[in-house]
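First chain A sits with chain B, and in the next complex the same chain sits with chain C.
Let's look at the complex of A and B:
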C-alpha cells in the first residue's frame, strides 16, 4: 500500500506527467467535438429531415418491398410454390446487367399492417443463401439450402407464426417458429419480393472502398392458396416503404393463383453506416499520449538511477512494478472514461446538428464505448510501461507500443484488402479497437463492414482480451527480468 | 556518469587546434558520436528489415490481386518509425544524459552542431533507406504480379524517409524530452493520417490530404490516377514541414539554455 502511495505521489508531482494526463483526455475531446463530418439531413428545410425507421428491436431498419397481400383474420395458413427467382443489377445510368443479389428475397409474409417498420414474420427463397425464415428485421434463421423451385408455407396460431419449406409440396420441413407480440387479429398476409443494394469492394491507390447500386428481383409464384381458416382471393399489390429503389419496377402480373412479382429494396436491419464510433477518433492521439506516459513513468527511473532508490525503499520489486502499473493504468482509465463519456454524449449531438445521419446506439452500448475507451488506453499505457521496464529506453518502448497498437489499425484502414485487414485485427494489440464498435454487423445484410467504418472482426471483449493478453505477456517478461537483472 | 566522462575526453581531444573549419569539425564529431553510439547500427538494420519485411508481408497478402500496385512500398510505413527513433535519439540522448552541455562546451556555436547532426543523420538514413526500398522493390517484383518497379516512387520513398528523419530531429531539438519528442513524431506519422481519413467533409479532407506532412509526402509513392497533389509537389510540402521543424529547433536551441 505504501508503495502504491509512493508511486502515486511520484506521478502527480511531476508537471509533465500531469500535463500528459490532461492531454489524454483533452485530445479525445478536441477531436470528438470538432465536427469533421457534415451531411444533408435537415439542411435544406424540414423536408430534408432524416427520420430513421426504427424496428421493433429498437434498431434502424429498412422496410421496402413489393407486397401482394390481403387482410386475413384469426388463425390459418398460406402456401405457395416459388417457381423461379431472377434478377437484374444496376450497371451505370440507364444500364443493367442480369444477376441476382445474394440476398434477393421472394416468399410469404405475415405483417401487422402496411406501415413500414411494423412487426412481421416471413419465409423466403433467397438469391444464394437458400431458404430462410426472418422476422422483425434482425432475426434470421437458415432453412434448407440449395436452389431450384421450392414450396413455402406460413401458418399462424394466435401470436405464433411457423414457417415450413418443401421441395415437392408433400414432405414438409419446419424451418422455425416465433412469437410476434403485437400481431393484431387481422394481419396482412401475402407474397413479397425485394432485392437489396449490392456493393463490391474496390482498391484504388491507397484507398479502399465500396461501390454499388440498386438491384431488382422478379419472382414467379404458382398455386398461392390460403387455407386452414384463411380464405380469399382478393390479392392486391402495394409498394411498402414508398417507391422501390429500382426506378422502373414492373407491375405485378396475375393469372389465377399464379403471380409474377418484381421488387427492389430490403427488409432487414440497416447495413454499415456512420455511428458513435466516429466521435472517438481522437483516441488515436490520446493513445500515443497514454503510451508515452506509461513508458516514461518506468524508464525515467532508469535514466536518473532513481530505480536504485525506489528499490531500496521497496525491495520487493514485483510490488513496485505492480504499483506503477496500477497508478498509470488507473489514471489513464479514468481519463479515457471521462473523455469518452463527453464525446459520446455531445459528439453525437454535434454530428447530428451537422446533418449527419448517425446510426442509433443503445445506452448500454454507449456505456461500453466509454468503459472500453478507458480500458483501451489503460491497457496500452501498462503495455508501454512493461516495454519501458523491458527495454529500459523510453523512446524505443514508446515506438514499439505505437507500432504494434496503432500501425496495424492504420494499415487495416488504408492499404490492406479487407480479408488481410481482418486477420491483422484479430491477433495484434489493435484488436482492442473492437471495443469502440458501436453498431452490430448483420450477416443477412451484405455490406462492406470494413474496419475503416468501425466494424471489427472480433467481439468487443474478445478484442480487449487480445490486448490484455499482450499486456500480461510483456508485463510478465518485464517482471522476470526485473527480478533477475541488476538495476 | 562514466560514459559521459569518456565521451568528454574524446571530444576534448578531437577539438584541439584541429585542422578544418568549425563546420568540418562539427561534422566529424557528430559522425563519430552517432557511428559509435550503441544501437545505431541496430536501428539502421531495423530500418532495412522493417521496411522490407512489411513490404514483403503486405505484398504476399495482396498477391491475390485485390490491391493496387503501390502497396509494394507499404513497408515505408514501418521504416519511418525506426528512422524517427534514430533521429530523435541523435539529439534526445544528449539532452537526457546531460551530454549536450559537454557538446556545447566543445562547440560553443550551436548552429553548426545542429547542422552537423542533420547532415550525419540524413546520410545514414539515406544509405539505409536506399537498401530498404531496394529490398521492397525486389519483394514487389517477386510477389506482386501487377507491380513494375518505377524510379519515381522508389527514389521518392528514400527521400521521404530522409525528410522524416530530419523532421524528427527538428522536433526532438525543439521538445528536448526524447519520449515527448517521439510521441509528437509518431502522432504526426500515424495518428494524423487516421484522423484525416475519417474527416469526410470534402473541403477539409482535401486540405488535410494536400498539406499534412505524411499524406502529402507519401503522394510520391502514388501510381494511381489523379492524386490530390502531385508526387514531387507533395514531397515539397513535407520538405517545408521539415524545414519549419528544423528552424523551430534551431531558434529554440540558439535562444534557450541547454
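Let's look at the complex of A and C:
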C-alpha cells in the first residue's frame, strides 16, 4: 500500500503530469461540447423538426412499403406464390437502370394496423438474401436461401405468428415463429413489397464515401389465398408511411388471385446515422495525452537514474510496476469517465440544438459509453506504461505508443477504405474504440457502417478484450524484464 | 550491519567485482576507497539489490536488502545525487520517499532541517547545485532513521564549507552509533572523517584496516636532511641508512629514525640546516597500496 501511495505522491507532485491529466478530460469535453456538426432539424420553421419513427423496441425505424391488405379477425393463415422479384435502381437524376437491391423485399405480412411503426411479422423473398422472416423491425431470421419462385405462408394463432416457406407449395419448412404482444384480434393481413435505399462505397484517392439513391422492386404474386379461419378477397392497396421513395411507383395490378405490386422504401431499423458516439469525437486527442502520460510516468524513472531510488525504496519490483499502473490507470479512468459523462449528456443536447438528427441511445448504452471511454484511456495508458518500462526511453516509448494505439484509429476514421479500417480495428489496441459504439449495426440494413460514423467491427467487450490482451502482454513482458534487469 | 561476502559480478567480458568481501560495523565511519572503476558503486548497487551478483551475497542486518520491509528504515543510501525529477520540489521529492516507507510529512520536515535545506524545501530540486543535491540525498538517506547509511561519493561537487559540514555530519552519525559507509576515489577526503578504511582495486579488497593501522604501516620513516657536507651519504650508509639526493640539495634518508640520524651526523661533525621527518598521510598509504595492486595485476590474470 505504501508503494501505491508513494507512486500517487510522485504523480501529483509533477505539475506537467497534473496538467496532462486535466488535458485528458479537457480535450474530450472541448471536442464534445463544441458544436462541430450541424443539421437542418428544426432549423427551417416549426414544421422542420425531425421526429423519428420509433418502433416497438424503442429504436428508430423505417416503415415504408406498399401493402395489399385486408383486415382479418381471429386465427387463420395466408399463402402466396412469389413468382418473380425484379427491380430498378436510381442512376442519376431522371435515370435508372435495372437491378435489384440486395434487401428488396416481397412477401406476406400481418400488422396491427396501417400506422407506421406498429407491430408486425412478415415472411419474404429478398433481392439476394434468400427467404427471411422478420418482425418488429429489428428481428431477422434466415430461411431457405435458394432463388427462384417460392411459396410463402403466414399463420396466426392468438398472438403467435408462424412463417413457413416451400419450393413447390406442398413440402413446407417452418422458418420461424414469434409472439407479437399488442397484435389486436383484427389485424391487417396481405402482400407487401418494398425496396430500400441503395448505396455503394467509393474510393477516389483519399476520398472515401458512399453514394446511392432509392430503388424500386416489383413482385409478381400468384394464388394469394386466405384460409384456415381467414377468408375474403377484398384486397386493397395502401402506401404505408406516405409516398414511396421512388417518385413514379406504379399502381398495383390485380387479376383474380394474381398481383403485380411495386414498392420503394424499407421496413426495418434505421441504418447508420449520427449517434452519441459523435460527442466522443475528441477521445483520440485525450488518448494521445493519456499514452504520453503513461509512457513518461515510467520512462522518466530511467532518465536520471531515479529508478534506482524507486527500487531502493521498494525492492519488490513488481509491486512498483503494479502501483504505477494502478495510479496512471486510475487517474486516466476517472478522467475518461467524468469527461465522457459530461459530453454524452450535454454534447447530445448541443448536437440536437444544432439541428442534428441524433439516433436514440439507451441509458444503459450511455453508461457503457462513459465507463468504456474511461476503460479505453486507462488500458491504453497502462499499455503505454508497459512500453515505457520495456523501452526505457520517453521518446521511443511515446512514439511506439502513439503509433500502435492512436494511429490505427486515426487512419481507420480518415483515409482508409472501410474494409481496411475494419481490419485494423479488429486486432490493434484501437479495437477498444468499439466501446464507444452507441447504436447497433443491423445486418438486414445495407448501409455504410463506417468507423468514421461510429460503427466498429467488434462488439464493445470484444474490442476491450483486444486492448486488454495487448496491455497484459506488454505489461507482462515489462514485468519479466524489470525483474531480471540490473538497474 | 552490512556484510558483503564473496561477491562476483561480470558485465559482459569485464569483471566488475572479483570476490568482494568486507563488513561495515556500527559506530564508525568506514571509508570505501579505490580508483574509479574499482567496483565501489557496483558493490553498493548489489547491496541494495539493484544489481544481481553472479556469486556471493550482501546482507543488511542479516537479510538480503530485497527482503526488508520498509528497507530505508534499515539502510539509508545515496547513490547518485542527480537521481531526481527536476520539476519536483525538494520537499515533495522526500515526501514520496517518506510515503514509500510508511512515513509522513513531519519526518520530511525534520530531515530537511537536519540537512540545512529547510529554507529551500519548496524550491524545485532541478535548480539545486550539486552540493545542495548532495544534502538532499543525505536527507533522503536519513528519512527512515536507519541504523546504517551508505553514501556514494557524497563529497562530489561540494564547496569547502560543505565538505566541512559533511565531515562533521558523518562523524555525528557514527557518534550516534550508526554504521556509515562512505565511498570516495580520493583518500584525502576521508582523512579526519573515517575510522576505518576499505581500499579496493579491480573489484576486490586490497586493504581493510583501521586508519591508525594504515598510517603506521605507511609511515616507513622517510626523513630529509639538508646539508652541504659531501661525506654525509657515506657516513649515513655506514650507519645502516640509505641516502639518496633529492635534487634540491637535500638527502632523502630511509632506514634510520630521525634521532639516530641526528646523533650520527653530530658524532661525525657534519652540520645540517634541516632535518624533517615526514608523517605519512592516508593519501600516501593509499597510493602505496594501489601501486602494489597495479604491480600485482601486471603479472597477468590469475
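Heads up, the rule we're going with is that the second predicted complex is superposed on the first by the 487 of 487 C-alpha atoms of A that agree within 3 Å, B and C clash if a C-alpha of one lies under 4 Å from a C-alpha of the other, contacts with A are read in each partner's own complex, and residues count from 1 in each chain.
Criterion: a contact is a pair of C-beta atoms (placed from the backbone, for glycine too) under 8 Å apart; a residue touches a chain by one contact, two chains touch by 3 or more.
Owing to the predicted nature of the structure, the values given are computational and were not obtained by experimental measurement.
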| item | value |
| --- | --- |
| Clash or fit (per the criteria above) of chain B with chain C on chain A | fit |
| First (chain B), second (chain C), both or neither touched by A:314 | second |
| Partner chain in contact with A:10 - chain B first, chain C second, else both or neither | second |
| Partner chain in contact with A:474 - chain B first, chain C second, else both or neither | neither |
| First, second, both or neither for A:466, with chain B first and chain C second | neither |
| Partner, of chain C and chain B, that touches more residues belonging to chain A | B |
| Contacts of A:306 with chain B and chain C, given as first, second, both or neither | second |
| Touched partner set for A:108, first chain B, second chain C, both or neither | neither |
| From chain A, separation angle of chain B and chain C (C-alpha centres, steps of 10 degrees) | 40 |
| First (chain B), second (chain C), both or neither touched by A:261 | neither |
| Where chain B and chain C come nearest after superposition, their Cα distance in Å | 8 |
| Shared chain A contacts, counted only where both chain B and chain C touch the same residue | 16 |
| Chain B residues touching chain A - in the complex, by the definition given at the top | 58, 61-62, 64, 66-68, 70-71, 74, 77-78, 81-82, 84-85, 88-89, 92, 96-97, 177-183, 186-187, 190-191, 193-195, 197-201, 204, 218, 222-225, 227 |
| Contact footprint of chain C on chain A as seen in their complex | 2-3, 5-10, 13-16, 300, 304-306, 308-309, 311-316, 486-487 |
| Sites on chain C touched by chain A in the complex | 45, 48-52, 65-68, 70-72, 77, 79-80, 82-89, 92-93, 95-97, 99-102, 140 |
| Chain A residues within the chain B interface of the complex | 16, 31, 35-38, 201, 203-207, 278, 281-282, 284-285, 287-289, 291-292, 295-296, 299, 303, 394-396, 398-399, 402-403, 406-407, 409-411, 413-417, 420, 423, 452 |
